[in-house]
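Some structures to go through are shown next.
Each of the next two complexes has chain A plus one more chain, namely chain B in the first and chain C in the second.
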Partner chain A sequence: MTADKDKLRTRIQQAIQSQKRPTVTVLSSLLAIQDSMGYIPEEAIEEVAVHSNTSINSVFGVASFYPNFRFTPPGEHSVEVCWGPTCHLKGATEILESVLEKLGLDSEGDTGDGKVSFRFNTCLGACSQAPVISVDHELYGNAKPDIVSNLLGSLYEKENLH
Partner chain B sequence: MKYKEIVSQATAEWTEMTSGKVPLIRIGTAMCGHAAGAFRVIKALQEYLDSTELEVNIQEVGCLGLCYAEPLLDIKKPGKSRLFFNNVTPEEIEYIVDEYLINEGYPKEKVFGYIGEEGPVNGEDSLESMPGLKLQNRIALRNAGHISPHDINQYIANGGYAGLYKALTDLSPSEVIDEVKNSGLRGRGGAAFPTGVKWSFLVGSPGPTKYILCNCEEGDPGAYNDKGILESDPHTLLEGLAIAGYATGASNGIVFIRHGHDGPIERTEKAIEQAYALGLIGNNILGTDFNFDIEVALTGESYVAGEETALMEAVEGKRAMPRFRPPFPAAFGVWGKPSNINNVKSLSYAPEIISKGADWFSSIGVNKSTGTAIVCLSGDVNRPGLYEVPMGMSLGEVVDDLGGGVTDNGQLKLLQTGGPLGGVLGPDSKDIHIDFDEMRSAGAIFGSGGIIVGSDKVCAVDLTRVLVAFCQFESCGKCFPCRLGMEHLLEIVERISDCASKPGDMDLMKSIGGTMEAGSLCGHGQLGFGPIRSAITHFEEDFRLHIEENRCPTGSCDRPKIVPKNTRPYATDHIAGE
Partner chain C sequence: MSDKVNLTIDGVEIQAEPGSMIIQAAMDNEMYIPYLCYYPGMKPYGACRMCVVKAESPTPDGSYRALPGSPASCTTPISEGMRVETNTGDLVDLRKGIMELLISEHPHGCLNCHRIELCGPTDVCLRHVSVNDRCVTCPKNERCELKDTVRYMEMELTTPLTYNNRHLPLEVKDPYWDMDMNLCIVCSRCVRACDEVRGDQAITLKDRSGRSIIGTAAGTSLLESGCEFCGACIDVCPTGAIVERDYKWDKAVQKVATTCPHCPVGCQLDLDVNKRNKVVRSIPNRQAEANMGMACFKGKFGLDFVNNKNKLKKPMVRKNSELEEVTWPEALDFVASKLANHKNGDYALIASARGTNEDNFAAQKFARRVMKSNNVNVSSNSRPKLVDSLQDLIGDDCASNKIWELLDSQVILLVSANITEEQNVASVPIKQAVAKGAKLIVIDQRETELTRYATKWIRPLINSEPILIGGILRSIVDQSLEDHDFATEKCKGYDEFRNSLWDFDLVKVSERTGISQEEIREMAQIFANTEASSILYGLETISDTHIDDTVKSLVNLSLITGNLGKNSGGIYPLFSGANQQGSRDVGCVPNLLPGHRPTASPGIDLTEISEACSSGAIKALHLIGDELFHNTANRSEFLDKIKATNLLIVHESFASDVTDIADVVLPSALFTEKTGTYTNMEGRIHRLRPALGPVGDEDEDWRILSQIAARLGSEDLPYSSSNDVLIEITNEVETYKTLEADSLDSQGHIRKPILNSSYVFSPIEFTQREELLVDDQYPMVFAPGRVLFDADRDAGIVTENDLNTITRREIIEMNEEDANKAGISEGDVIKILGEKFELTGNAHLNGLHSGMVATTTLFGTLIESLNNSTEPDPMAKIEGLRLCKVRVEKG
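Moving on to the complex of A and B:
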């Protein structure tokens, strides 16, 4: 158990130290950890506080402010659906219904088997292709509920979407 | 290396690429292309080409503006114009390559049009004669869709860094500021403040460390022009930043981008690296004594981080909450140093303004809105896209001529402009022109350039509910009138949408809106009532039907309301250290 914890801290420290940009801040370190580990473990809050010479409270204040940070390990796959006004006009409600039903969720969160993490996105940046969904960071525009079904189905059937 | 040597080397490479013996395939991979499947098309293309003996040069390019036609691919055979193919799927690659490159035939079914001095290919129409390109006047986006954002030499071969070279060799910093002032350029981030005047605020501030911050937070749903510039032509922004740095005596530039927008981030970072390598940023730029460093800073997801003082907090790695003013950024900005915050679009005009002169820029546009408007047209419209058009074009021309009218032969019902804090306009808004002042007096703002079209199938109450839900979700929580007001407004709009309103709800909303306007530090709270106010003004009937007749005119409000449950979803159910 202690060995695992040490390993975790090493990974966190590596993520903090591998930042290439000249300016390192609490936020940039948290983003680097999120990118490398997929979430912010409790230990990361402490490590960033030590590295930035600030308090645990200040670091957690930043981490909890931005909704892109999560505090538990993510599912194997990520699914994001845009709910912005353009996507809403173009049928995001139907897409969201279909995604939630397929994943057996009633809102943001992870599926029971830990396979998929679903979250809302306020803007995926491709409004001209609305409605837009993102599966493992690949964007799919002009999405229809049946395409969503196929995409999500393929996450379970094949493992080739890693 | 001297600028002229850099140019001649870049030009030679460009000539070889575009006029050499190897066919050149360009494909749009901006966010719009990505969402339409451009990377899946490239994968199919590469795989198919590997199975043949063909030698082909594939280049990723940005957005030509015709997002509806993405994935948009073109092939330039030696001696011929670029032949475009629209809405290409991976399955169609074999047909296009076989017909056009192997069999020397002609893939008639997929051809979209041509662009090029070499003239028509097989008698096809010129893309430039179609309204989508003909009505555009591309300045900030002049290279988008033509050059690869990954290659600085392609930018330089097309006149890149000539503006910076001219500024450094021919003009004094104050002459650069005068030029920008005389061009009439106004900030494109929403406030429309004259850019040259803004720059002049920084001139007198003490150095040596002064910052020019470039705002590409762009969390507005419905706007993608900042990301479009960074993905299509990041060097035009870097050149503009360096010009602003020279004019104001700044030492550092920071490009501020939202985490998760990988395309713009990667392309900007690569561009910075390449510009350093050629000595176009860094120390002693182009052999002069001007030093200017540029880096990228990322923000987490937060719409308020686009507000200039909240942006500075985020750059410092804190929560993106606005600061009190004064002190103003020009006196006390990021890390306490003098700072100037500009939008991507505003800075991206600078190279051409310096190259071609203030008079040229101010001759485009109308009244006090000079230059071009970069419109993100989306929603119920046949040809959504990223269109750069002269200021002064009417909203009707945008929707009908550029956008090809409302989808499914529907009627225009509403236009949502200026981002979620902007306004909703009715069908009578077609005669309003894209002019900062005219739109403001019409009760809307041009803002950052998003125009969302709604057909007669859209319920104004339903759309307002989503806009308010967005503003509530994004309230940073610093000022209670905004934090609580937004939540209360959402509650009321939701019950109106559910046809369960209470007597006096309309007046209650106005009262809350007034408090928010008076008691919030930044635009988010001050303008937060805007969407409701404009919706009530232009779509009173929609509200009346929900309130008095208990029905939604389009049935949109009868669908389930699926929105995030909490403002900051993960913040409330986890406490660190437990």
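Moving on to the complex of A and C:
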């Protein structure tokens, strides 16, 4: 357990140290950590506080201000459904409903088995192919509700192959 | 004054300080603009928008240009000729709208119930609102700023208004402190007080927009978030969101301004007294110059002992080995008949550090005149050398400057003092100065809160501090950084002192102190290259035999850099004992008569008194208060020694290990039952006012002593009130001559020091190293540190009995060579064994000096133990962080 924690702290420190920009700030350190680990563990708040010579509370104040920072490890796969205006007009609601049903979720969040993190996205930048869904940052355009179950099903299958 | 700015507020022409904000200008001229997030003394913030105004400033062509929109007056600076309207119809409407938004998340049955004027505190609520909206369920009822503001604005709210209840759980698991974030209006005064004023950042504004709320990182406990439990957040909260837990709902029927008895800062506190004769709350006075509205964990949460039911109420005399309650005349007759046989020098009196100037003046007079003995002392005077030389060299024995002058010091040197726990409020200006860019040098073997703020934290070898400071002095001379004019014109003995420095070769100094030459040179540069540098010293880790040398070196350092006598320069001794300074002034020390006049035949000091008790040289011991030696390892030894006396008279408020062995116990009044004066560390005389009526027959010490004196046939203590004693003090003590007792307010009165016509340098000596602390059985020195938080390391918070508790793996710092010899490597579980304690932790091998081990615990652990203590007055008996001898074993 302790060894795990030490490893975690080493990874956090590496992420902080790897920043190359001249303006290292609390925010840039948090971003570096989220980029490297996918989330902000509690230890990261402490490490950033030490690194920037401030208190854990101030760092947490910054981290919790931005909804894009997450404090729990993300699921193994990320699924995002665009509900920007174009996608909305082209039927994103149906996509959304079928994704939620398939994942067994009510809203944004992680599945109970930790496999999938699901989020809304306000624009994936591919309005010409609306409605759009992104699975592990790969876009699928002109989505129909029926492809959702294939797409998501394949996530679990890929897992089984390993 | 011509440098003030002229402006008009609501048609009234006023003058205000340049640079101030509109709201401040209005307040200074006794005009009110509603506000909630603004707080005098804190930076403009502009969160609540209650203080909106219309303002226009003149243009060069003579017309007026309106400031756009309705600016918040707390963030808009004044300008010459500005015209401000605060109460137009539009503004009133706008303000009401803002208030409606603000309270849309605050239960407001309590704000607008039409029965508020009629309801008494015990009336049954006629259910105009639901239960959790009722005013009586709020701890801030009747002292809520939000309610006052709503009512001032004559809001027309219909009852009941719906509001968005946040349904947040109460946070009541941390010691002393309750938080109900459902009542918060997110003005963030508390966050700013914690950050800006106290420099702690123990709480923060979490999350964003509609969910924004006050709390700690990831919802952790205050115990590990860096809180110093000073209560500043509670004092500024305008609603009932953050409150003191004890007596949470009690209402004050009386407010009494008095002085805190916990440390020599002498904080001015307003005590709330309820109708059942209990002190329910203490609120620091914002106008007081000693504490500027600050308090600490002791002054805020450590005063409940005055309400303790087990207070001693009747005099007691030991008959047939049992203490029996007797009447005052009987007890006094008994004491007088016994004392009559002890007028030949075998009598000693030790007064209380909490005794007022009046008590302790009477005490020394009683011992000297009535009992013919110079063996009189005050219990906190355990290290008289801390100030003796200061008096010889400068002419006065207290801080040369005011506490809050530290704010403008550019360099602050702190030598071996855990100021956060011992003289807490004095650390506030230090932290604020550092935030403004001042440099802090800390010389201490222990890690304390202020080492975190230090530009340089120096950990010299034990007892090498005088040599280290000698090295700095030498380096100042070598680099020609001295203030030569000051040293030669205003001081005596410079040449002789300068010659004594040639012994301090930096190579030798470096070897002896374990601090590199570069560091010493750098410290010399930092300290000498400024306009104003201050020195604070507590010398808590320095053995008694080295204290005098260290003090002399520090005075030399202050003189050679020309800092003494400057604003924000100077030197501050940090002793303990709320009225240690006053006790010295009124002669309640063995070597000085009132007014610092030396006595021809000084009495013996505290350690010698306890020795003399066991050897039989002292047969009658008179103890006022029981604090003596409580925080050193010598307590039990001391108790054993005083058992040997024939007569032990104790004035005490609570039963203790001393009253257990006393022959006579006289119930002594607490600070809340006394009239009198205290003198704080800057020589400021403060007033004590009685807040509580007596619960039994307890009496003030000066009166007890004067009655005993009368029974012994003496007319030396003819006092009928404490004021009589004070009048005598002002006549006898030169520095108190200017004191006008009637006009003593929260500002206090700075006693007039009688400084030497010129300061004196003292030559210093390069002494040989002595190993005083260790022996064969315990060969290492242990330096225990304590900090507010330690982000590098995991601290677990577990909940036990509904209270948060810290669980943590301690880390023990060790020298690598020492560890190698003992076969210990990094991370090993090791054990430290002292004479009276044991501590297990993981070894961490770093650059610590050979022969030392150190560890750093969390302040939260101390707070936890204080909160769980069953002692009547735990805050007065906190064990300081003393160095001690230990041995290290593999765990």
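In this section, the second predicted complex is superposed on the first by the 158 of 162 C-alpha atoms of A that agree within 3 Å, B and C clash if a C-alpha of one lies under 4 Å from a C-alpha of the other, contacts with A are read in each partner's own complex, and residues count from 1 in each chain.
Note that contacts are C-beta pairs under 8 Å (C-beta built on N, C-alpha and C of every residue); 3 or more make two chains touch, one makes a residue touch a chain.
Keep in mind the model is a prediction, meaning the values are calculated, not measured.
Of the two partner chains placed by the overlay, only chain B lies in contact with A:Arg21; chain C stays clear of it.
In the superposition on chain A, A:Pro41 makes contact with neither chain B nor chain C. Once the two complexes are laid over each other on the shared chain, residue contacts for A:Pro85 go to chain B alone; chain C is not touched. Shared-chain residue A:Gly61: touches chain B and chain C both. Of the two partners chain B and chain C, it is B that touches the larger number of chain A residues. In the superposition on chain A, A:Ser128 contacts chain B only, with no contact to chain C.
Within the superposed three-chain model, A:Gly75 lies out of touch with both chain B and chain C [touch as defined at top]. Shared-chain residue A:Lys5: touches chain C; no touch with chain B. Shared interface residues of chain A (contacting chain B in one complex, chain C in the other): 42, 45, 56, 58, 60-61, 64-67, 71. Contact residues of chain C toward chain A in the complex are 195, 200-208, 216-218, 220, 225-226, 789, 791-792, 794. Residues 31-32, 34-37, 39, 67-68, 70, 218-224, 227, 254, 259-262, 293, 295-303, 314-320, 376-380, 384-386, 416, 420, 450, 452, 454, 458, 462-463, 466-467, 470, 473-474, 476, 559-560, 562-565, 568-571, 574, 576-577 of chain B are the ones that touch chain A when the two sit in their complex.
Partner chain C is touched in their complex by these residues of chain A: 5, 42-43, 45-47, 49-50, 54-61, 64-67, 71. Residues 21-23, 25-31, 42, 45, 52, 56, 58, 60-71, 82-90, 93, 96-97, 100, 107-108, 119-120, 122-130, 132, 137-142 of chain A are the ones touching chain B in the complex.
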